[in-house]
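You will see two complexes here that share chain A, one where it goes with chain B and one where it goes with chain C.
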Partner chain A sequence: MSKKILSVDDDPDIIVFVKTVLEENGYTPLIAKNGEAGLAMAKAEKPSLVILDVLMPKQSGIRMYRELKSDPELKHIPVIMLSGIAKRTFLRSQEALTEFGDEPVPEPSAYIEKPVDPRELAETIARFVK
Partner chain B sequence: MKTKKLLFVTQFEELWFDALQSLMDLRKAGFNHVVFLHVIERDKVAMKRGKGYLKDEEVKLREIANVRFIDWAESLFEQGMEVGAYIIVGNVLPKIISTVEEESVDLIVTGRHKKGKIEELYAGSETVEILRRTSTPVLVYKYMLPSGKINEKPFEQPLLALDWSESTDRIVEYLLNFKEIMRKVIVVHVASAKDLKSPSAMEIQATRKANRQKMDDVCEAFQKAGIEAEPHLYIGNTCEQIEKAAQEREATMVVVGATGQSKLKEIFLGSVARNLAENSAFPTLLIPAHMKVDNR
Partner chain C sequence: MNRNKLLIVDDEEGILKVLSMSLRHEGYEVHTALNGKEALAVFEKEHPPVVLTDLKMPGMDGFQVLRRVKEIDPDAEVIVITGHGDMDSAIEALRFGASDFINKPVRDEALRIALDRAAEKLEMRGQLKAYTTDLEQMCQIATEEVRRKSEFQDKLITSSNDGIVATDEKGLIILFNPGAENIFGYSRREVVEQRSFSELYPEEVAEEFRSGFRRKRDKRGWGWKEVTILGKGGEPVPVRFSGALLYEGEQVIGSVGFFQDLREIRRLQRELVQSERLAAIGQTVARLAHYIKNILTGLQGGMYVVNIGLDKDDKDKLKAGWTMVQRNIGRVSDLVMDLLTYSKEREPEYRDCFPNDIVEDVCELMEVKAAQNKIALVRDLDPSISQVTMDPSAVHRCLLNLVSNAIDACLFDLSENKEWRVSVKTEREGDSMIRFEVTDNGAGMTSDVKKKLFSAFFSTKGGKGTGLGLLVTHKLVQENGGRIEVESEPGSGSTFTICLPYRRDAGDGIRRRARAEKTH
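Moving on, here comes the complex of A and B:
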């Protein structure tokens, strides 16, 4: 059975792009359009990997990442951040939240700044999903 | 403290990131989540004769907004804020209302949109319409104070204009949400000249005293919360006197209740809230009469 990969992004073009890359590489895509829906889907489906945008409605990828990595049942799932927001910003925001009293969280498995090449995305996924 | 959401509505003409930066003090009042909304007005991408829907134009406008929002979001994320963004094609007013519902925001920040007289008469005021259709307060942001200074802390010294309507207590209660960032509240009531028409000096003084007593009670509510407060009674045209009082007392913002009268009445009679939102030189916080106050 093909591995399930959850993509969380609100941009319709990126949704189609990621879905196509996943299907062409033999994975089963799961799609959510914001962090809130993404977290609910991660809990329900336990995907093998999560591809996560940062700037989204309802709940950002920064919050969703933090919640994912704080959940004992989900924290082992590798996460590839795929965003227009710089990696430096993502890391600083996590540091800021830790300073405000949240638990520290590890860095994501990979961070790709948009735009992304389909081959780069497929190779990055393959590093974490065997 | 409950995390509160601020909806920042910008068309990139009237409201920029520096406005948002001046509102960062709101974090002390629990506002840790900012949602950006940019509406690409339908007529910019709508069908044109012989051209069809301008998809390329939509993509271009969407990406321009996206680049700006990413830049703004990076600054906020690095300060530990939560940020969301909507870039939507449509008509501004319904999109604001749907986003307010979708995100359950606690405060809407908009700029001032100047319209032609005819358009204003028929379309009504966008701001007042938002207040009528949501129960969410709206801050109509203005950059400069009449003194020429940049308004760096709009919530520092608000002028609270009260008309003693049923919603007075709710307005006071809502404003207390911002106690961490208010230094002083200037409580103002404007009595109209006809209220003081009595030929008897005693009756006029009695009216003054009654108003003064009500203002003292409001001031006491703020003082109990550790905020300085002072009452002032003005006489004359309500909007003109509120503006005058704000200038004389060096207010940083004007706060008024919006009574939610019918649209028809609104168009023909106007309202204090609408007038101040559109014409006051000060940032204007409009609080809907039917709002539920959640003081946490």
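Moving on, here comes the complex of A and C:
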């Protein structure tokens, strides 16, 4: 059975695009449109990898990431951050959150800035899902 | 000076001897001379304050001695000795400045009285002199003090950066400091006692001074205000001005005006505006680039999916990819339209329309997005609104922006388990306006966000907003002679209200009105 990969994004374009890339590379795509749904699906399905958009309404990708990484059953799942904001900006926001008293969390396994190249995405996934 | 020094002049040696012995006995230091020439020599050497001289002497007589002595020392007391009964000579001598006379033969008593009187006079003159010297000294000290003070004030005026211009009571300029030279461009020479303030001050300021001079009311001065003066070359110079009338008692004795040069401040302000504009342009470009990059991502993604569909002959994939391409082409076209609307003047296009139908139209367009996100989209339309003349495409555009924003406000709301709703309400306002209200119970805005709402390219939606929507809405509302209002509370939602004028018949009235408001 092919590996399950969860993509959490609110942008319909990204949803279709990532879903297609995943299917093309032999994975089973799981789709969630916000952080809340994403977290629930991660708990229920235990995917091999999560592709997460940083900026989403409702529960943002940043918050979902922190919750993912502080859940003992989910924290081992590799996460690829997908975003329109630069990696540096994202990392700085994490430092700021830590300074405000949140538990420090490890950096994401990979960080891909939009626009996403399908080959780069496939190769990055392959590095973490054997 | 020894006040007891005496010079006795007489050609009769006997008399000289008797008098000098008697006077020395009284304590005087007595010098004697037998003739006028000798007398003057002794006088010059000894400077006795009192001279006793016989009038009738061979050679230089007593009158000459008297005159010469008075020439040498006007303060010297000269007592003349006259022949018995020779009143004429005595009077003559007094006229020449003798202080007293005694008759021959000289009697001790008369001599003593004359000498005492001379001594008294000398004493008084000495005191007077001392007083005078004191007075002079005090006067000098006071003068010095006044001079120092005036010099200090002079320096204050001269070194002031502000232009200071003072006039007399007729308005003639009597003081023009370097600060004023710098501001007005005239030199002190060209102005002081040459020109009236009327020639230098702007008319409004000059008129105030003139009326101040005329009225003798207790108007004393004017607070700071900004005016523009004309420099020597006719160039306008922005200044801050304040002035005062100068009084002596109730009488106006002149005026003074203070001018602060605002050219440098204005230049800095212009530079600031310029650099802010550049920064705004930079921000604009960055934001636009970011937004376009997002669209590009969608287009590239769409191409990828379409290619897969073509390769695999997968109709679903083809459809999905094509939808992506279409959607992103739509975004590009919206962006371009927004930019065009924002950047150029647009005349409202008035047509007959039904405002409630426009609202229905907009709601239909947004229905899918609302439903997908479990947001209730509610209409509350005033049925009494029928066909009117308005700019329907502007109304449509504004409402679409507002409703779409309202839905986003719900999407961005972090509250848990809220029943989100967006409502659109129409209502008549008076008999010439229609009110459109778009209310949401989403995230709401802080006052900080509210302040920036209508500034260019401001967006709270990250890469998902251009920051043009409200700007365009604002512009359209203004072009249509309407108004836009916002109420918002963080956490409980926002209401955007636009009021637009309408006509039941032809649209001329509205057009005129919209133009009139634009020019204000």
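The definition used in the following text is that the second predicted complex is superposed on the first by the 130 of 130 C-alpha atoms of A that agree within 3 Å, B and C clash if a C-alpha of one lies under 4 Å from a C-alpha of the other, contacts with A are read in each partner's own complex, and residues count from 1 in each chain.
Following the convention adopted for this analysis, a residue touches a chain if its C-beta (ideal position, glycine included) is under 8 Å from a C-beta of that chain, and two chains touch if they have at least 3 such contacts.
Source: prediction; values computed, not measured.
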{"item": "When chain B and chain C are modelled together on chain A, clash or fit", "value": "clash"}
{"item": "Touching partner for A:E24 - first (chain B), second (chain C), both, neither", "value": "second"}
{"item": "Touched partner set for A:V16, first chain B, second chain C, both or neither", "value": "second"}
{"item": "Partner chain in contact with A:A96 - chain B first, chain C second, else both or neither", "value": "first"}
{"item": "Partner chain(s) touched by A:A86 [first = chain B, second = chain C, both, neither]", "value": "first"}
{"item": "Partner chain(s) touched by A:P118 [first = chain B, second = chain C, both, neither]", "value": "second"}
{"item": "Chain B versus chain C as contact partner of A:L55, first or second or both or neither", "value": "both"}
{"item": "Which of chain B and chain C A:P72 touches, first, second, both or neither", "value": "neither"}
{"item": "Where chain C runs into chain B (options 149-157, 491-499 or 509-517)", "value": "491-499"}
{"item": "Common ground on chain A, meaning residues reached by chain C in one complex and by chain B in the other", "value": "55, 57-59, 84-85"}
{"item": "Chain B partner contacts - residues on chain A that touch it in the complex", "value": "34, 54-60, 62-63, 84-86, 89-90, 92-93, 96-97, 99-100"}
{"item": "Parts of chain B lying in touch with chain A, wherever the complex brings them together", "value": "35, 66, 69-70, 73-74, 77-80, 82-86, 102-103"}
{"item": "Chain A residues touching chain C - in the complex, by the definition given at the top", "value": "10-14, 16-17, 20-21, 24, 55, 57-59, 84-85, 114-116, 118"}
{"item": "Residues on chain C engaged by chain A in the complex (per definition of touch)", "value": "290, 293-294, 296-298, 300-302, 304-305, 308, 317, 320-321, 323-324, 327-328, 408, 411-414, 462-464"}
